[in-house]
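Chain lettering (A, B, C, D and E) follows the sequence in which the chains are written, and residue indices restart at 1 in each chain.
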Amino acid sequence: MDTKLALLLLFAPFIGFLINVFTGKKLSGNLSGIIGTAAVAVSFAVTLSFFLQVSSTKEAVMVDLFQWMKLANFDVHFAFQLDQLSLLWLMFVTGIGTLIHVYSISYMHDDENIHKFFAYLNLFVFFMITLVMGNNLLIMFIGWEGVGLCSYLLIGFWYKNQDYNDAAKKAFIMNRIGDLGFLIGIFIIGYLFHSLDYTDIRTVIETGSHHIDPTWLSIAALCLFIGACGKSAQIPLYTWLPDAMAGPTPVSALIHAATMVTAGIFMITRLNYVFDLAPEVQNIIAIVGAVTSLIAASIGLVQNDIKKVLAYSTVSQLGLMFLALGLGAYEIAVFHVITHAFFKACLFLGSGSVIHAMHGEQDMRYMGGLRKVMKVTFITFLISTLAISGLPPFAGFFSKDEILMTAFHHNKPLWVIGSVASIMTAFYMFRLLYLTFYKDFRGTEEQKKHLHESPGLITFPLIVLAILAAVGGAISLPGNSWLNEYLAPVITRHAEHHHMGTTEYMLMAVAIVGALIGIGLAYAKYIKQSAVPAQDSEITGFAKVLYNKFYVDEIYTALIVKPIYALGSFFKNVTEVAISGFIFGLGKLANVLGAEGKTLQNGSIGFYLFAFVLGICSIIVYIFLAK
Amino acid sequence: MDVLIILITLLIGAAATYFAGDKLASKVATFFSLAAFGLTLYISYLQSNGVEVGFTRPWIRVPNIQLSFLADGLSLTMVLLTTALAPIIILSTFKKVQNKAKSFYGLIMLMVFAMAGTFLSGDGLLYYIFWELSLIPIYFIALIWGGGEAEARKKDVVKFFIYTFAGSLFMLVAFVYLYQKTGSFLNYHFLRLHLNGTEQFWIFFAFFIAYAIKIPIIPFHTWQANVYQKAPTAGTMLLSGIMLKMAIYSIIRWQLPIAPAPAKEYMYPLIALCIAGVIYGSILALKQQDLKKLLAYSSLAHVGLIAAGVYTLTIDGLRGAVLQMVAHGFVVVGLFYAAEIIQRRYNTTEISEMGGIRVQTPRFTSMFMILVLASVALPSTFNFVGEFEVLYSLAQTNIWFAVLGGTTIILGAFYMLRMFQQVMLGEQNTKVFADVTFGEGFVFVLIIGVLLFFGLYPKPIVNFVSPVLENIILHINTSN
Amino acid sequence: MTTLIAIAGLGIICLIAEIFNLRKAIVPVSIIGLLAILGLNITELNLVGSTYYNNMIVENNYSRIFSALFIVLTTFLVALSPEFHKNHKTKISDFVAIKLFLLAGAVAMVSFGNLAMFFLGIEILSISLYILAASEPKNVSSNEAGMKYFLMGSFASGVILFGIALIYGATGSFDVETIYNTVSGGNIPGWFFIGIVLLTIGLLFKIAAVPFHFWAPDVYEGSPALTTATMSTLAKVAAMAAFFKLMKGLNHEVPGTYVTIIIIVSALSMFVGNLMALKQSNVKRMLAFSGISHAGFMLMVFLSPPTTTGVLFYYAAAYGLAGIAAFAVVLSVCGNKGNEEIYNFNGLGKTHPLMAAVLTCSLLSMAGIPIFSGFFAKFFLFGEVLRAGQVAIVIIAVVNSIISVGYYFKLILAMYTKDSTEEKQAVPFAYSVVAVVAILLNIALGLYPDLVLGYL
Amino acid sequence: MLTTLFYILSAITLATAFLTILSKNPIHSAIYLVLCFFSIAGHYLMFNAQFLAIVHIIVYSGAIMILMLFTIMLMNLNKEDEQNKSALTRIAAVLSFCLVAFVLLATFVKAQPVINEYKVSGQDYQSIKVLGQVLLNEYMVPFEFASVLLLVSMIGAVLLSKKEHINS
Amino acid sequence: MENILQQIGIENYIYLSTLLFCVGAFGVLYRRNAIVMFMSIEIMLNAVNLLLVAFSTYHQDAAGQVFVFFSMAVAAAEVAVGLAILVAIYRNLNNIDIDSLKKLKG
């Protein structure tokens, strides 16, 4: 029964995908949307039942289908594992997934390829479920690459625009760089543990049944982390995520905010026992996370594209999660993943609603004053903004605060970085809010005429998500964490529970004050001074560097892409020519010799006889006289 | 019933195709290739149930040459690949008007026959004969039905022929030498031979030249791109889908077991060379403006990886290589077919003249996309299974090999997606592109079906080939 | 012995038939007679070797099987004659008779037991060829070819004769067996080996090995095509067989320097033949150079004489049959064009697919591509030479095989990729029959080498 | 005495041979060649091979040389041509003559066996009778075979010089 | 009866023959007149004949002399054919200079 249900959970979206792919053309847009939504909703329902089951039994559900790959030291099976961690993930993947599907029915209503959109979206959910449900690293890898593929397909959904296609390609390739790291990590794990199953790996580590070389283990952890960097957009592989905003907004919400990008965190949490054995790598993770968080936040300060701001904010938040992971606080990272999923999805969908209203305009410089027309959107957006800014009692406050608290206990500089990033977050989020919803409308008259609140299918998910963003913190209140308890079986070393003492309350206060400072600054600038961000050409100084994202893309192009092309040209024009020139030069040489030899064959009997005699002489000399 | 029947079917098929006349040729060829495929399946089934399906009979007394046909999992797998691809390749030519059709299809069948023979031969000389025999049909196919400027094509095709012929002659010398030692050409007699280091080195070297040219491994690859570009697509499919697998199969079957010592001694340089080919081919693929040439270089990169896997001398490497061979065979045929379909409509293979096709052809796009993804080894496609095992074996040898070889998954994605973008995406092309017909789509569906099925369930093939490969590895490891 | 007598008799019958105005019967009778002789010859295979007339003629499997090959080749050549000489009907009896006598000479060259027989045999062969080369008196090329061949051939005959004289001087006998025994007994004057070397040089000339090859391209080109066919198949093969028999019979203790010379000559022949052939535009001339390179290949048999008898025969048969097939096509294509330039073959694949296929097969056989017997020939050869430990020459041979593909394929390319400039002409029946039968025999040999290898 | 005779005869042989070659007029060459043949016949006589000497004279001087002379006359060649012979040819010819003569002589000198006593069988081995017996018994087959040779050359000569009658 | 070679020595005959042979070869190389070249070849053959006779005496054996007959037959046959070819050439070219026969080359 479990097996069938698990398969239903897994394949429901896939069936939706198939239906939409093969019959989508004939279906009306709404119908394909409904099918797609229903498929995910089924998954959600099944997930819910499993969730309840596992919550009570505390026994993971294991499903083993058949042998997939066979290697010298171990086999890899198609097998699934529904334990606390995966179910938790599935809950919000399918849950938020359903909401976003609902949202999309309306949002994508006018697109001619809506059935494709739902097909891809369903496929994405399918792969995401695979990623989460697998009981070994390779199944995870299927999902891992599969969601990357869907991401590619959805970013490039409007394929007529080659810029979007470029963005899609970039996302895929950058992900693949990470995937290579992941793959290498898998190799080493397989080599070390003779298995890729999570349970086997855990057993080996816990029982110490055979010796594991710590150096190799660290390398494996590092490689896995590189994989996570790619998927979760951490330095140095984060640049694809902002570009990925080329895709339709629901995609950004689902894939590039709530679910796919958290796969890296899922993977590290999944293998927490491995990472625990590699403290150096944990340090690296923490530092990378913190720095990413800061850098992304700083870039986010000056972006004008509403989705770009959210994208950088996502990167920044992911950085915070990695910070938590690096500190060994897996539960906290997961906690932040969940809260982030709520509020960031809400933010994205809200921005989608705005864009919808603005007829595709994404630049905040041409918005403003939407508060009046789009009430629901505004309120939900506000709640989410407050949540992300870390103001109590919204969800973001608890998770972010826990991360910073842990950082404070372990590593003060990281805490400073994280805090600064949080302040920046508060600033730019409110900048976003103010620029979009406050003051007067700055767009064209034409746009103004058409401004409207989005229909119910769009606002409904916003409301649900806003509620979740508001109360989601409840799952892990300081000192009394349901989440920590729930996750206990899958995490071997638990984050120490901070005794809520003076220091802790101090820190909370500092965090709140920091957030308020950020909000205050934004208020001062955009409400009081009514400042509107400058046009692109007028941006100068450090702001320009920030606006241009520290020129990272340009640097990558110059350092990696260009040299590869140059190398390609070199290979094409020099080495290829040289090699073929050499080899076929031999043929030419033969031809030249043949042509030259013709002069020797001059037709004169005298010469022929002369050669004859010389031949006789040389043979006789060689045989008889040369001793 | 033994394996001979497959060969006989194919040979009769070749003759029947030729004599059926221009109109019926393609149908007769399809029929016989399907029959051969069916027979191969049946024989593989028998073999896996322990029925002896090999065939050995004396042929020439002096020198002692046997008509010996092996039928273990490895060779039958390769024959399955061959006979499965044959009807697909033939089907792929259906819509195109061929002049001299009977010769065209006859030659294709002859080539399939020769390649199947190469995979089945258990006698060195027989193997060599089939090996060379397979060269002649493709020579004519490329020469007569090829595209591009006639003089240039002629030049490239002749170069190709001479080049590969040159390589295989060295292999012949090695065989002759081995024969002098054993008095027989039978594979298992060779394996019992105790050769000293120098002998092994030279034999290994002679084999290597032959295989390195055929596979091709850099720097022996210069014939490849031009021939792939200029041969008719069916010919390119035969070349890239099956023929270069002959060389890799031969490494596993002949080179490594006969001369294991140099393989062990020079493992690192060999793998390094193969992997250099991966990177080199990938980077060159980025710079190609011709679709078929791009696919040729991508093929160079992929087979480099396969060869690297073989030279790791691990069971994972060999198994991965075999799986990857089959997978690559299908995917490359599919990709070249896609190129052919575009060529039929746009009459060009220049990438710059394409673009904006997707708007017009949703079905073709999807199928092409899946093939592209398979070629970049997306998990759940067959290619991933092979590539994973190969890279895993490389990682066991040296982690850096895996890292460098693994760049194929990045670079591969890079050039394939770039190609896909330039060919298919963008604003609608001014030229009309009719979506694939049922027949064309059918070919794609077959290929994609195979790729996905074995991508998820490679077990039948794995179980089929593993015992053979394990034996070979055992032989390599136990011989000194 | 009967073979020789019968062949000479057949030649005379031809001449007599002309006298009695039975010209139409000449060719059929000759062919039937030749086939009968062939049958006789084959039935005698595997009989115990015997000698006749004071050891003048020694019959054993070697002589029988080579005679059989010569007869087969001659049959083809005779069959080609009437069509080729259709404008010289009056001379047909002469041509056929000369070919038959030539065959008698060739048979004598492989079944001699005495150097006198050998010498006479080789002279009959040579003189017949001088005549055939010059057999178009009005054609300056033919004159030139005849003259060149005659002058150089006589010169070479002088050298051979000098060698024979020295051998006689050293051993006191012309009888091969006696010589062999005397030499085995040791203590013979140094003249003997000088004689052997001069004899070798003379025969190297006959098989057109470098540096004694210069005549071959010119003569092949200038001679009437059928004569070229005779020279490049029958004459070359016969000279090679005689050479091998002589060396095996006389020279049983080969000094290292002699072997070196053979290796050098062999390598040079291969290189010169193949490289020069690359740039030829005349098919006959190209085949002449190809013949030079094949002489180089065949010379390799001397590196391991005790075991290579069968190999030599196999090689000779493969080469001869492929050559006949190729020339039959050349004749059919260039028969009335007055030249044999490659462009005449343009588009042959379209106009005469059968002829083109035959020529392709024969060229592939010469290039040494399986399943044609040319491949096995090379293969057996390499095997034996490798066994003798001569790796270097095998490598050279391999390199040369590669080069040779270049020019063989030039012709194939012309046939299949270029368009014919002239309209289609019917192929004479005799030509197509000979071409097809020859190439089928070639392939049969390839598929079943035991057919002939078993006798040696 | 015999030695002196040998040297004289040898000198004549070589000298006339040289003159044959160096004479510019073919007629002169032919005459010197006849002289050369006579001197060789003289050598044969010294060996007591009278039959051979006579046959030699008959065949060479009587048949071959006459044939050649006829040809010369027929073609009216009794004049000095060959004006276009280059110096290079001459030098090459002279050099190769010296070379080949030197090489061969050196080889023979090197290969010279030490012979103190020449064999004397005491039997008659070169009278007409003995030669006839040998020729027609032991060498019967080559003797017959030589007839084939002569037949071929006869046919050849006819073939090459006969005029064709197309309609016959 | 004493062997004549006792006085003169076989080696002297060899040297003589060799020299004569070389002179013949020289003639072939030196002259361009075909008839004279034929004569030179005759000289070469005669040198060998002389050698054969000398060896015949050396071995006290008739075979050498018998062989000379064959050699003569060959010489006669060759000359007959050679002259026939020569005549044909003369008819076409009106001269018998070998250097005019250079059409076939390359």
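Definition applied: contacts are C-beta pairs under 8 Å (C-beta built on N, C-alpha and C of every residue); 3 or more make two chains touch, one makes a residue touch a chain.
Chain-to-protein mapping (UniProt): A = NADH-ubiquinone oxidoreductase chain L; B = Proton-translocating NADH-quinone oxidoreductase subunit M; C = NADH-quinone oxidoreductase subunit N; D = NADH-quinone oxidoreductase subunit J; E = NADH-quinone oxidoreductase subunit K.
Remember, predicted model here, so these are calculated numbers, not experimental data.
Asks: Among the other chains, which touch chain D and chain E together?
Replies: Of all the chains present, those in contact with both chain D and chain E are A, C.
Asks: Treat touching chains as neighbours and tell me the shortest step distance from chain C to chain D.
Replies: Each step joins two touching chains, and the minimum needed here is 1.
Asks: Please flag the chain sitting at the greatest distance from chain B, going by CA centroids.
Replies: D
Asks: Mean of the CA atoms for each chain, then the mean for all of them together: which chain is nearest?
Replies: If we average C-alpha coordinates per chain, B lands closest to the whole-structure average.
Asks: Which chain is most remote from chain A in terms of Cα centres?
Replies: With centres defined by C-alpha atoms, farthest from chain A sits D.
Asks: Among the chain pairs here, which one is joined by the most contacts?
Replies: The largest set of C-beta contacts joins the chains D-E.
Asks: Calculate how many whole Å lie between the centre of chain B and the centre of chain D, each centre taken as the average of the chain's C-alpha atoms.
Replies: Comparing mean C-alpha positions, chain D is 70 Å from chain B.
Asks: Can you give the whole-Å distance between the Cα centres of chain B and chain E?
Replies: Taking the average C-alpha coordinate of chain B and of chain E, the gap between them is 66 Å.
Asks: State, to the nearest whole Å, the distance from the C-alpha centre of chain A to the C-alpha centre of chain D.
Replies: Whole-Å distance between the two chain centres: 102.
Asks: Averaging over Cα atoms per chain, report the distance between chain A and chain B in Å.
Replies: Comparing mean C-alpha positions, chain B is 36 Å from chain A.
Asks: For chain C, jot down the residues that touch at least 2 other chains.
Replies: Residues 116, 120, 123, 127, 130-131, 134, 137, 147-148, 151, 155, 191, 193-194, 217-218, 406.
Asks: Could you list which residues of chain E touch at least two other chains?
Replies: Where chain E meets two or more other chains at a single residue, that happens at 10, 14, 21, 24-25, 28-29, 32, 38, 54, 58-59, 61, 63, 66, 70, 74, 77-78, 81, 84-86, 88, 98-99, 101, 103-106.
Asks: Which chain B residues reach two or more other chains?
Replies: In chain B, 162 touch at least two other chains.
Asks: If you go through all the chains, which pairs of them touch?
Replies: A-B, A-C, A-D, A-E, B-C, C-D, C-E, D-E
Asks: Quick one: in the complex, what on chain A touches chain B?
Replies: Result: residues 21, 25, 66-72, 78, 138, 141-142, 144-146, 149, 152, 156, 159-160, 162, 165-166, 169, 172-173, 176-177, 179-180, 183-184, 187-188, 190-191, 219, 564-565, 567-569, 571-572, 575-576, 579-580, 583-584, 587 of chain A touch chain B.
Asks: Quick one: in the complex, what on chain C touches chain B?
Replies: Touch residues, chain C against chain B: 310, 349, 364, 369-371, 375, 379-380, 382-383, 386-387, 394-395, 398, 401-402, 405-406, 409, 413, 416-417, 448-450, 453-454.
Asks: Applying the document's contact rule, which stretches of chain D touch chain A when the two form their complex?
Replies: 89, 92-93, 96, 99-100, 103-104, 106-107, 110-111
Asks: Show which residues of chain A lie in contact with chain E when the two form their complex.
Replies: Residue list for chain A touching chain E: 598, 601-606, 609-610, 613.
Asks: Considering the complex alone, what residue numbers of chain B touch chain A?
Replies: By the definition above, chain B touches chain A via 159, 162-163, 218-220, 222, 280, 283-284, 286-287, 314-316, 319, 356, 358-359, 362, 366, 373, 378-380, 385, 388-389, 391-392, 395-396, 399, 402-403, 406-407, 409-411, 413-414, 417-418, 421, 424-428, 456-459, 462, 466.
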